[in-house]
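Structure record follows, encoded as structure tokens.
For reference, chains read A, B and C in written order, and residue numbers begin at 1 within each chain.
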Amino acid sequence: MSHGFDTKPTAGPALPATPDNPVVAGLAGVLDRFNKFALYLSMVALMLTALIMTYSVVARYFFHTPTDWQDDATVFMLVGVIFLCAGYAQSYRGHIGIEALSSILPAAVNAVRLLLVDVVSFLFCAFFSWKSWTLFHEAWSEGQTTSSTFAPPLWIPYSLMALGMTVLTLQILVQVLTRLTDRKQAVTQQTVTGV
Amino acid sequence: QSSALKISHQFPGGSISEGDFRDRLTRMFAAEVGKRTNGSLKFEIYPGSSLMKTNSQFSALRKGALDFSLVPLNYAGGEVPEVNIGLMPGLVTSYEQGAAWKNAEVGKELSRILLEKGVIIVSWIWQAGGVASRTKPIVDPSDAKGLKVRGGSREMDMILKEAGAAVVTLPSNEIYAAMQTGAMDAAMTSSTSLISFRLEEVSKSLTSGRDKAYWYMLEPLMISKATFDRLTKEQQVAVMAVGADMEKFAENAARLDDSGVAAVYQKAGAKVVDLNAATVKKWQDIARNTAWKDYAARNDNCAKLLKLAEKLL
Amino acid sequence: MSPLALGALYGIVTIVVMCSGMPIAFALGVVATSFMYFFMPASSLDTVTQNVYEEIASVTLLSIPLFILKGAAIGKSPAGRDLYSAIHAWLSRVPGGLGIANVFACALFAAMAGSSPATCSAIGSAGIPEMRRRGYSPGFAAGIIAAGGTLGILLPPSITMILYAVASEQSLGRLFLAGIGPGMLLVFLFAGYAVYRARKEYRIAHAIYSQGGVKSAYLDDEHFTLAQKVEMLPRVLPFLVLLIGVMIALYGGFATPSETAGLGALLAIVLIAVVYRMWRPRDLMPFLNSTIKESCMLLLIIGMSLLYSYVMSYLHISQSAAQWVVALHLSKWLLLAMILLMVIVLGFFLPPVSIILMTAPIILPPLREAGFDLIWFGVVMTVVMEMGLIHPPVGLNLFVIKNIAPDIPLSDVIKGTLPFLLLMFLAIILLCLFPGIVTGLPDLLMGAR
């Protein structure tokens, strides 16, 4: 994943190089492609959302046209943006944490701590993904909709949430496996996570 | 952890003797059931959506993650389409008629459907509502023409559209600001909410729901079936009996709010207008051809429920 | 275990997990779900995802990404740089002029947005780099933006005030007006401190330079002729158009508060497309990308903190704390002090919205009985909750800053915000001594009660 279209390098730590293990590297490559795709899609969704909200103001004020689908459409798109890009944010460790210990602990202890943090994060996100798919299944099989006038099906945003959380889970898994299989990793990681 | 049963609702919290009647009702219910079960049942009340989001309550009841909730039934319309009958314009036009539902066929059928979904109605609570407007009062359907109105539910929006209004959807916490700036001209909601949203400060007129109304909402106190099944026989009896006792209190309090809201708006200098049988009939006729038709077409259960409800008209 | 003991355990576990370095969003989720597992019915775990979804899927909350987009479109394009150059030229004679300008910019943005992190992000994305470029120390620059950003919930429109008004059954219009006086007070306190601190940093920079040290950008003595200054004015125009456009849409009744988020974002994009010819995907991507990164991080935290506060509410922790305070039967001002202290402690972990929802029903009746004006209290409580946004461990504004300027160590950011926390504390004391700062404006415009 490159930061090619950033005006200046942001978002903290440099990206880890390609994992040493070929299987892990393969999975990382697939996720990278998905993340890029999700990012571009989200950019479009974000612009569309702004457009739709503006349209809704114009339509109501100047043409007295009822606005009933705009709220659902914007909510669905933004929910999609948030969850589909969660894995992308994780890929460069953009989910912010409090890194107070890294400068205090000895390197070996730090490596264990970082691994433990990733494993627990992985377990939580895996649980959340599982429950999201369950929610999706309920909404799908019962034909649930939002309770608005427009009433679009709820499986749409639920599936975006479930897919996004699954990719996030896999992204963390790749990072855990990279930590376990890479030899050089232990050194580069701690230099980039200082407070 | 506490073994207290949890009652959740979205209305402002108060005490057993003061505040929003829907909150008071849950407190009275808790106290009375506690007394009748010799303290074997304890309750914790969560007002103002302080436990979970308003829209999560129904599904939490179904899953057994919440014990009780007092919530407008139609809020669950996306999950269980049948419950949209709880806020069907013109289908109920008086408190007496609403009260008759519980023991009539329509009530039994609705209870059966809800039981299937894992929810039991403990107390049948009906509430009338009206329209606050920042311009002229909306009495006749023709008054709504060209105004930006928030109906608040799919069915209300349908009759408003038919009447020529530009229907606005926005979250209830933005109603005040939107009315103040004029992004919205009028809002339809229950008498009690008309008071607690303080819309009188930004309104010039009120169409009250006292005497005659086409806006009646079913807002029951419900228990999760999972919780109900866990109770002993005596506890179950106590819950249902106290729930039934609360219905009279609810009706009186709702009526008081209907006239109370009129007084509040009058005092704030707004014009207060009442509906009459003829205007209610006009709205009802519109509803019959739009919202009712739409509802009945959803599935067989809906069609059947509507037919049964019409028997009470 | 009693709710209060459980609460203490919950707090300790939270601090431990957060200090482990786990991302805040996951840490909140991990703590919440593990407490669900151990202390709540199994069915609670089935509602986790729906609760998070219901929290995030609100038009009001989702306006945050669009407010961030609006800020980024200005801040990450030449528009932001031009704007700050013009301000710098006009205020170059005023010590701390740029700091003052940033405080005012926060206040103006706060009048368009109902959320604090969004305000922080919008102004900070250009403001922090610009201040640093001109010699401001990183912590100071971050402090100004973090603190200025909190005005988002004190100046109308405000998401938290809307919730408070409903919970306390007070007039929202009156509450909105009541926030303006204290908002101005904070603006002046912040601006005054900016002048003081900038002069101090200037003197230090001067001393270092005169002893042969490095020359700080503070000392770059730029002179601007009046002609130069006037020439720069048109560069402010796009920003003014945006500001006025959004204000008219919001206060003129064209758009609802959340709609102005979308409208403002689109207007900002159109403006930079017209003025700076930035319309190709290549031009737009940088700030779309940064908006997405930031929104994703922030909204996941907000979504998970809902889960966290759900557990806290279910286990009756905040409610028990509030009931405990109330049951002490303290004298009027002691009661207030205890309640505010509790709000501060809750502010360690919870965002303002959750604090209001959980405590309002319990603390408001005794406060009313003790003779406090609930409008006044609502404003004081809002200022206290603003403090929670800029102190750790959970301080949404701090995370926004960390994201905008990742190279500033969090410890510097926290040190930089500390003086502002003290100023806010001073403001609270002033509001207690002179309640007219709060009630004056609403009484004037809506009549005394």
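The definition used in the following text is that a contact is a pair of C-beta atoms (placed from the backbone, for glycine too) under 8 Å apart; a residue touches a chain by one contact, two chains touch by 3 or more.
Labels paired with UniProt names: A = TRAP transporter small permease protein; C = TRAP transporter large permease protein.
Here the structure is a predicted model, which means the values were calculated and not measured.
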Residual chain groupings, excluding chain B and keeping positions: one piece
Most central chain, judged by mean C-alpha position against the global CA mean: C
Separation of chain A from chain B, taking each centre as the mean of its C-alpha atoms, in whole Å: 38
Inter-chain centre distance, chain A versus chain C - centres from mean C-alpha coordinates, in Å: 24
Averaged-CA centre spacing for the pair chain C and chain B, given as whole angstrom: 36
Set of chain C residues in contact with two or more other chains: 46, 50, 58-59, 254-255, 258-259
Residues of chain A whose C-beta touches two or more other chains: 71
Residues of chain B touching at least two other chains: 55, 170
Residues of chain C touching chain A in the complex: 18-27, 29-30, 33, 45-46, 48-50, 52-53, 56-59, 62, 65-66, 69, 76, 249, 254-255, 258-259, 261-263, 265-266, 269, 282, 284-286, 288-293, 295-297, 299-301, 303, 392-393, 399, 402-403, 406, 409-411
Residue ranges of chain C touching chain B (in the complex, touch as defined): 1, 3, 6, 39-41, 43-44, 46-47, 50-51, 54-55, 58-60, 157, 159, 162-163, 165-173, 250-259, 306, 310, 313-316, 319, 357-358, 360-362, 365, 446
Residues on chain A engaged by chain C in the complex (per definition of touch): 5-7, 10-12, 39, 42-43, 46-47, 49-54, 56-57, 61, 71, 74-75, 78-79, 81-82, 85-86, 88-89, 93-102, 113-114, 116-117, 120-121, 124-125, 127-128, 131-132, 134-135, 157-158, 161, 193-195
Touch list for chain B against partner chain A, complex: 55, 74-79, 146, 148, 151, 153-154, 157-158, 161, 165-170
Chain A to chain B touching residues, read off their complex: 60, 64-68, 70-71, 142, 144-151, 154
